[in-house]
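These are the structures, in structure tokens.
Two complexes are shown next, each including chain A; its partner changes from chain B in the first to chain C in the second.
On to the complex of A and B.
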């Protein structure tokens, strides 16, 4: 088995996997689906402990059978996934088809899960994929999602990572975006004891676009890592990124975001903003935004801020009769608004709003 | 023809040797055998009549160096440096000069060519200069004037003899001998450099300055600078560097340590114009430098300003360790790369004390086939309540064969700290160029003007004499590099 990466590897300098390495996980056992999993009235695909649950899932015309995995990258976690993957979603949307909304629910309660999901959209096709990840107890979820968007295709990809507070969640998401295609994504990170969402987006055709947003809401001793690499490989592409972190207790948040602009990618427009609120004296945030630029006619910028909630704003709201906790909650919701921008689907938006509400209430 | 293409063509046309400091000086040199081993370290130490403790210190550093690995994380590429093929000590031969009159006239002539006010004419410029030629300090001007106010400004080898208690107390206290590969190398073989001590409450009556020049072929220059500002003292220190044009790469691995006690202020300015290599990237200085300042006292302040236009490779991160409550760290940098130059430079601001503040302003300009990287760390430790950092890194690209990179690391472990970082990358705006040209400026002047404007936030931090020189230097580099 490929070894887990260590902090000696630059891309893993802020995330320590020794706790995971010290544990041994068997393959996840078969389990039955618990009640109360989200249902927003759209076609649903359900995975329980990494296995497709046909009975609980809708029949989709463009779902395909799982095929063997051939991993060519040297990403350690994708390699580990390839060594174990035996199931996953495979969606192939034909040219010009708008496949609407699909809800993908993953539930786990033990062992190690290495699902491999594949989503490909033909020219001009469209899909909204809402992923909800939940679980109970101790387990290791190591999903890899490979996305291919042909010319003019458009995928909206929303992820709610709400794993068990004792779980390990290490997700790798890779998207190749052809000319005029768009990959719009938002990830909410709330669960897992230790998590990482690692995105690799390649803009391979002219005027390809991506929106790669995230919100990390962490408390207790949670560790959340959001890492992204956006590679501009063609002219006139644009990328937008807003990553917001709210950290309570002794939580530690990490954001590493690299924008790469290749020699040919003239007229690139790249923007990245990462902001963090530390709500407790023992919280920690580490940010590494990175620009790597080889073309001259580009507009690229990034910004980063780390600080506490502005007490003057809290005071302003309180002076208008709003209780302190409500005032803080309002300010945090406002802080997160920009990150949620790509979520245009109403049902999905409501789901995230509710999840944020629940998080604030229990924190 | 679009402006940028025109600019690029001018670059190529003018890319020939524009390095006006590229002359060599023929004087009798004393060199040790090449290569690095314990004997060379002993030889250097013996040559300088050093006390036993310093030799032991060097040998310890040498042992550490052998165990350390050359860092590879920087965004630079170069053939491996063969440390055993270098000379570690070169000096004009003969006994050390006692006064300016005894200094080899060839040398004085060279410094004159470089425009350093070394002789008493320096009075007009009001700058005290310590000139380091290859490995030894050649002369230090204005020592008497400085001595009256209690300021010590002398070659570090002399300080070892005359003020051993100070050197022993502070040497290696900011940059420990095993800090990194190049710092360890320097600690083992450093030959000379400047020593500055500003006593309690003294405001240094003039700007202090060191001029470094590498002359001998295949030599490394390993100078060591130590500046100590006692309680309430303040000093402004300038450093300039040049080297002759040679086809081989030459190594420069310096260490600079600054110590600021309560309410002390140190301003350290550098204009680095080592030979950058020719248009094909042949030759040039490999500049691997460790510079660090410790703000040990309350409300102390250390400010780094650098204008980096030279060297084939620049690997340099002047840093501030903000230990004292209310201490202030600043870093202002302009790095211009052209042809095949590579710069990986930035700073580290380590916030330890309460209410410490730091400001980072970095301007990178890349042209030709060069690569220019800003790499920096802002670290807020849990006890640094009320800490504040503001960082701005801007990059300007001229031509489509160069690269500009930004790699900031931001780590905050205190909720009451406020950290802000901004970075932009762009090319010279067409409308700005058009505006200048419509007012009758040539393309070349317009680009020069815009680049100078781009760097203004940094240039205004330089002391007057240097600001003028730096502006000229940018203009010269632009002449040969931008258009």
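On to the complex of A and C.
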């Protein structure tokens, strides 16, 4: 049995899992999918408490049966996932096929869930995967998603993490991106008492590209951690990360972003920007950018800003008759715009817009 | 009708307005001139409700209502509009969305029907045309990358759409070329009616050739030190403010 990581590990310095360690989770109860979960008119795959719900799901020609997990990394959460995983989505898109849009809905209301999802796209294949994660009550969701993109493949991966406010959500997403392939991702974080989304993206072929964007919208005493490691292992690759955090009350946001550029990865274009809006004096943001560059002809930049809403802008809007709360929400929406750029699918975009609006109304 | 009586205000412990008294009857346009730092912008901000000013005395009544007690948005709904001396940039906020949200907020507060996107665009395009502005101004982010003159025109566009009862124009003429000045003046003149009044803050008599004021006031060191007809602006242009502070 692998132990949970502690803050003594450098990569876990800002996120404390002791609260999770103190809990014990019974077997996830059997439950059915509640009404009102998103449906944007595309094929969907539904997981309830970590189990595939066939009746609520669409039959997909490229879905495969779950196969046993062989975890080779030393990432503690991926190892724990491997020790328990017994279900997950497996999608294999053949060469040259555009598989359209798939909605993956996960709902939980108890227990510890360790789904292992696998997505592989053949050469030139394309897929848009929209993941929506919701729940009620106390549970621990520890999903691992492994993504393999062959040459010229393109995956748009959008995630809405809207777990129960009492839940723990620790997601690991790993992607290997071959030459000319693109992994475009956006994660919105609104739910969970404590969450982390940890991305490991390897650009293994020339001109591979990734976008790893996120918006963390947190309030109360929520803790949200967005951690990414991008490895440039081939020349002419590009990676872009825009992480925006909006923190209310005593919420705490974390962004750790590492860009590694290997010696062969000449002409790397790496960009990383983390911006946080603190809407309360007790909110906190921790940012740790890291660049490890072993090639000499690269363009890598990173930046970070932490600030409050500009009261001059708020007044300008109010002086035009716009109520204060609406004025603030407009400016927050504007602040998030850049992070949402990879979300080119209209239905997905609308879903995120609505989720942001709902978040603002309830915050 | 706007009635400002003995209005005093400060920022921190700095006294800026020291008893301003002024009334602008319906249908009239009054100009306010005065040296840099006199308190002209401060007066316009206090009237529109910006935070950070402490009103230490006096009152401002618009159409019988004490406006100093209202939020900025309630003042806008009551018909007050400030064209900013330095319009604020709003990155990420589209101009059309901004103006429609503002117009509909004001309409809602006034109990009028809101406009859908199509009806709004029609209205906005017509207003743009009158101000010789390009349609693509609506697609851009509010004031972001606008030239100085474009920002001022964008203020007048908002005014044309919101149809205020009281417009306060804070140096809307500065930074405008001669043609733009005429266009902006026409924009103000187009609103002239029995129920519209305006306070036009300017440093230059030239604007007042196009927007002919009913009265001209001189604000110096936080007080109105002289009032007169349009000829007062000509006199100031010739002689400057020397000697006025003491008056």
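As a convention for this text, the second predicted complex is superposed on the first by the 363 of 363 C-alpha atoms of A that agree within 3 Å, B and C clash if a C-alpha of one lies under 4 Å from a C-alpha of the other, contacts with A are read in each partner's own complex, and residues count from 1 in each chain.
Here, a contact is a pair of C-beta atoms (placed from the backbone, for glycine too) under 8 Å apart; a residue touches a chain by one contact, two chains touch by 3 or more.
Bear in mind that the values here come from a model prediction, so they are computed numbers and not experimental data.
In the superposed pair of complexes, A:266 makes contact with chain B only, with no contact to chain C. Of the two partners chain B and chain C, more residues of chain A are touched by B.
When both complexes are overlaid on chain A, the residue A:45 reaches neither chain B nor chain C.
By the touch criterion defined above, A:297 lies against chain B but remains apart from chain C after alignment on the C-alpha atoms of chain A. When the shared chain is aligned, chain B comes close enough to touch A:286, but chain C does not. Counting contacts as defined above, no chain A residue meets chain B in one complex and chain C in the other. Partner chain A is touched in their complex by these residues of chain B: 4, 73, 380, 382, 395, 397-427.
Looking at the complex, you find that chain A touches chain C at residues 311-313, 315-324, 326-327, 330-331, 333-338. Remark: chain A residues 10, 263, 266, 276, 278-308 touch chain B in the complex. Of all residues in chain C, only 48-51, 71-73, 75-77, 81-82, 84, 87-88, 90-93, 98-99, 101-103, 105-106, 109, 158, 162 touch chain A in the complex they form.
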